[in-house]
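Just so it is clear, A, B, C and D label the chains in written order, and each chain counts residues from 1 on its own.
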Amino acid sequence: MTTTTKDDHCTLLVQCPDGPGIVSAISTFLLDYGANIIESSQYTSNPDYGTFFMRIEFCCMNLMEKRTNLEAGFAKLANEFSMDYRFSYHSEIKRTAIFVSKDPHCLMELLWEWQNGDLETDIACVISNHETARGVVESIGIPFHYIPANKDIRQRAEEKQIRLMEEYDVDLLVLARYMQILTPSFVECFQDRIINIHHSFLPAFVGARPYERAYDRGVKLIGATSHFVTNELDEGPIIEQDIERVDHRDDVTDMKKIGQKVERRVLARAVKWHLEDRVIVQDNKTIVFR
Amino acid sequence: MTTTTKDDHCTLLVQCPDGPGIVSAISTFLLDYGANIIESSQYTSNPDYGTFFMRIEFCCMNLMEKRTNLEAGFAKLANEFSMDYRFSYHSEIKRTAIFVSKDPHCLMELLWEWQNGDLETDIACVISNHETARGVVESIGIPFHYIPANKDIRQRAEEKQIRLMEEYDVDLLVLARYMQILTPSFVECFQDRIINIHHSFLPAFVGARPYERAYDRGVKLIGATSHFVTNELDEGPIIEQDIERVDHRDDVTDMKKIGQKVERRVLARAVKWHLEDRVIVQDNKTIVFR
Amino acid sequence: MTTTTKDDHCTLLVQCPDGPGIVSAISTFLLDYGANIIESSQYTSNPDYGTFFMRIEFCCMNLMEKRTNLEAGFAKLANEFSMDYRFSYHSEIKRTAIFVSKDPHCLMELLWEWQNGDLETDIACVISNHETARGVVESIGIPFHYIPANKDIRQRAEEKQIRLMEEYDVDLLVLARYMQILTPSFVECFQDRIINIHHSFLPAFVGARPYERAYDRGVKLIGATSHFVTNELDEGPIIEQDIERVDHRDDVTDMKKIGQKVERRVLARAVKWHLEDRVIVQDNKTIVFR
Amino acid sequence: MTTTTKDDHCTLLVQCPDGPGIVSAISTFLLDYGANIIESSQYTSNPDYGTFFMRIEFCCMNLMEKRTNLEAGFAKLANEFSMDYRFSYHSEIKRTAIFVSKDPHCLMELLWEWQNGDLETDIACVISNHETARGVVESIGIPFHYIPANKDIRQRAEEKQIRLMEEYDVDLLVLARYMQILTPSFVECFQDRIINIHHSFLPAFVGARPYERAYDRGVKLIGATSHFVTNELDEGPIIEQDIERVDHRDDVTDMKKIGQKVERRVLARAVKWHLEDRVIVQDNKTIVFR
């Protein structure tokens, strides 16, 4: 018996109007190509007339040789069911750029998880409007680009950033506490491909200084939210959220420290799930096949 | 050796400008009266020029006989340090009224905890603008009052309610999913004595239909918040909050069901802590000595 | 367009040696009968030579009329793939008996969830070796049977219990803090159909007096475990576990009170999942399709 | 008004037979020396005839000059009440040695928290029976000592380790996944000063290979436990525990990865609390004044 390698693995994401026969058609199609389904999840947004979503992880001997045929065959089936779909071959590692400002904790967590083998990606580069993180980033062999950024030079900064994203052929941008607002044209270039961490339990405390406002409100839990970036500030589709308990003894500084731990794990989870093609955006929400 | 009874126990809450000698003065005062400190917590809102808060649980042989003397003596000390304070004698059980509309889950949880001996209170009565809960309430021997209430008859309803609160000599009002807005004059009658449960993680989703709005926003956690009622809707001092995880498969109905479990435990905790004199309101926040 | 009713819904559980074509065969089979897949989950215990598990919820117009045909047809397919399988028609509500001793909290939680519409079952009866719960059980119209039980009269008690289970045609037995050990022959009668709640985080504190032992060990978290009953005490397949935080101030009584809250929710979840056919036993573990 | 500096701060831990007048005596004593109480916690193990425990954080102008007098004065008071006590001056930073084997995640978390200013300690050195961590440790300027260790050379290894502990004048030893058993004589040298992280929810899975055994048992939660090391394996006083959820899809490797996250935060919390003198050992338990 021959065993498959990582190159023979693929994740297929499908989205189409619900109706009879979809699962049968997809699974029979894969069977005909000799593919074995390893993991499969599905969701229908409304049992009566909704949208059907499916994530299938399959493996198939000599997948990369069959690839062209497979995709051509699937195109016909997709047409029949009006599917949006995407094949993600595991041999084609996604390329990630991390944007960071001064606070390094989210960047560090991502680098750590990556070094630990938990994030299936190539970290193409780190981009920052501060020099703070250069040392640690370069010490592990990742290119670091310092691009000054603020309100006045935003356009020029973004031009440089876009050029770098193209040069590095980046699939995913992670804003790991990057404290600059992005322009609509930048966001448009990378639709559903920019993941941000917001340091509050959205939709509470949209915008600036969430810990200060959480402190002023006297909340008993603080949170963090990872979401795709859209052109409405902190309003993009939420991927993951989590919280930690605080009490009356915690001042703003304490809340920030406690909050950092939540930010770290929430962002790391969201990035991991995205890299594993577990996240589908539907309108302003996400479906997360965990 | 003679042992003390519950009648010999008391909780003292103190609040005053911070300064040297407060703990020494209070603890020496109690010692002079033969009182033994059982539990004590303190908090200073700002180490340099803040407010000092203290909760002391003590017991003292024949406390009820010494009570008048003790209070007279403490009044002098309190004057010296400009203290606000309150003695809560454990022999004087607090009296609670529960307000409820149609959804019984929070009422049920409170009754249950009370029957189980976890809430140190007399439940004086249950008041509702619906007849739904009458059966279960009367079956355990608690008076139930149906007082219709809506925007148009609010004043009249509140007059009846206030009269009942006086007749029953009530210390605490718990709004256990009571879906009517209270007028400023009603709230004024019971300052820091009305505890509400709001079915969201405040300050997210202030106001009506929080689960519907949480669903529309695509949040990954839903919460509940217990707070004192003030005249700004859902803006009163927060006592306790908690959350539960939801995902893309949960519709509004699911969220409500999951949320009920959070509401139940959050309200029960807040009421318990208040009854044990663990909660102090400071401006628009609470100090909770757990 | 005609819409389906609850009678047209069914959950199919399948288990067989893994291999190519299973999903395709099942989904195509269902399509041929006009069934629409609503929810589907699968798991393979080992990617290379493991066991394949699947849960499919489907609906099908006029299902109850097609039922005999459908099952006959599926039998052939099942034979081909060496499947173990079970059709659970939603029109055939499962029947549950609850066993309880003195502590009523788990019983109460189940009754509550059931009254709230969260447990899809008929509660056939409550059986107890104490009279404590009779009042509350009978007040909501459920038969209550007092069957004294202890070491000396175990066999006779179990004979009565088994007779009752047969009379009531019970599918599921829930031990909601029933503090009697069951004999192997009793357990055999109801394999994978008896769910127990153990008041510890198994495998810690197997056996009697877990809270006392947790207190003595100085743990910082206490837990509860819901599991299927087998003939090895507290060793059956675990369905669900959860914990709550305690600290040095909590004595055994406090731990029991805190633990009751965990027991309630852990047992309620396990029972709910079982009733929804989400739990499959594999050797001494469970697969839970949540 | 003159403000105090960190050098003027001190934490006092007291333990004595319970009785009247202790709080009064201590607080009056501190007042007489011009000390201001910043935070204070107390606990009595048994209300009737128990042991009294207290943690007081105070500040006092020119504390280091008054220190000798203060301690001499307190010695008398301590004698009167039969107190065990310890003054921890905040100017005297505790010195920590970290022991690690191959898995670096707990070491990394501690270094990170330390660099982030969250652990009030000097990290004197890192000791390992592997060379793995040398690079990262030396890169931040901390001495790294490779001391081979196994069953056969245990005594010699421990002699070297003890010598180093003396040279570095170490207060605390943290076993951050150090996979060697320590001899009784080593443990005796550092009573209540060695903190270990065990990769299970103790007392479940005492000893080796806890994740493998958790997997085999089919648990739904995995945990980690931080405890003081005694001569009974994994039986020392527990400081902190926490858990994370797993399900049937997680194999041993997944459990280890998930478990690492729990280990990291549980150990970091325990070390932080110990460094802040929040942990008192009583028999085989801990009192943690959080």
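Basically, contacts are C-beta pairs under 8 Å (C-beta built on N, C-alpha and C of every residue); 3 or more make two chains touch, one makes a residue touch a chain.
Chain-to-protein mapping (UniProt): A, B, C, D = Formyltetrahydrofolate deformylase.
What you see is a predicted model; the values in this text were computed from it and never measured.
Asker: If you line up contacts by residue number, which pair in A-D, C-D or A-C shares over half of them with B-C? Let me know.
Answerer: Duplicate interface of B-C: A-D.
Asker: Applying the document's contact definition, name the chain pair with more C-beta pairs in contact, A-D or A-B.
Answerer: Contact tally favours A-B.
Asker: So the centre of each chain is just the mean of its C-alpha atoms; given that, what is the distance between subunit A and subunit B in Å?
Answerer: Measuring from centre to centre gives 43 Å for this pair.
Asker: For subunit A and subunit D, let me know how many angstrom lie between their CA-based centres, rounded off.
Answerer: About 38 Å, centre to centre.
Asker: Where in subunit D do residues touch at least two different other chains?
Answerer: There are none in subunit D.
Asker: Can you list the residues on subunit D that touch subunit A in the complex?
Answerer: It is residues 105, 108, 112, 116, 118, 139, 257, 260-261, 265 of subunit D that touch subunit A.
Asker: For the complex, which residues does subunit B have touching subunit A?
Answerer: Those residues of subunit B that touch subunit A are 43, 201-205, 217-221, 223, 237-243, 247-249, 282, 284-288, 290.
Asker: State the interface residues of subunit D toward subunit B in the complex, per the touch definition above.
Answerer: So the residues of subunit D in touch with subunit B come to 3, 20-21, 23-24, 27-28, 30-31, 34, 36-42, 44, 47-48, 59.
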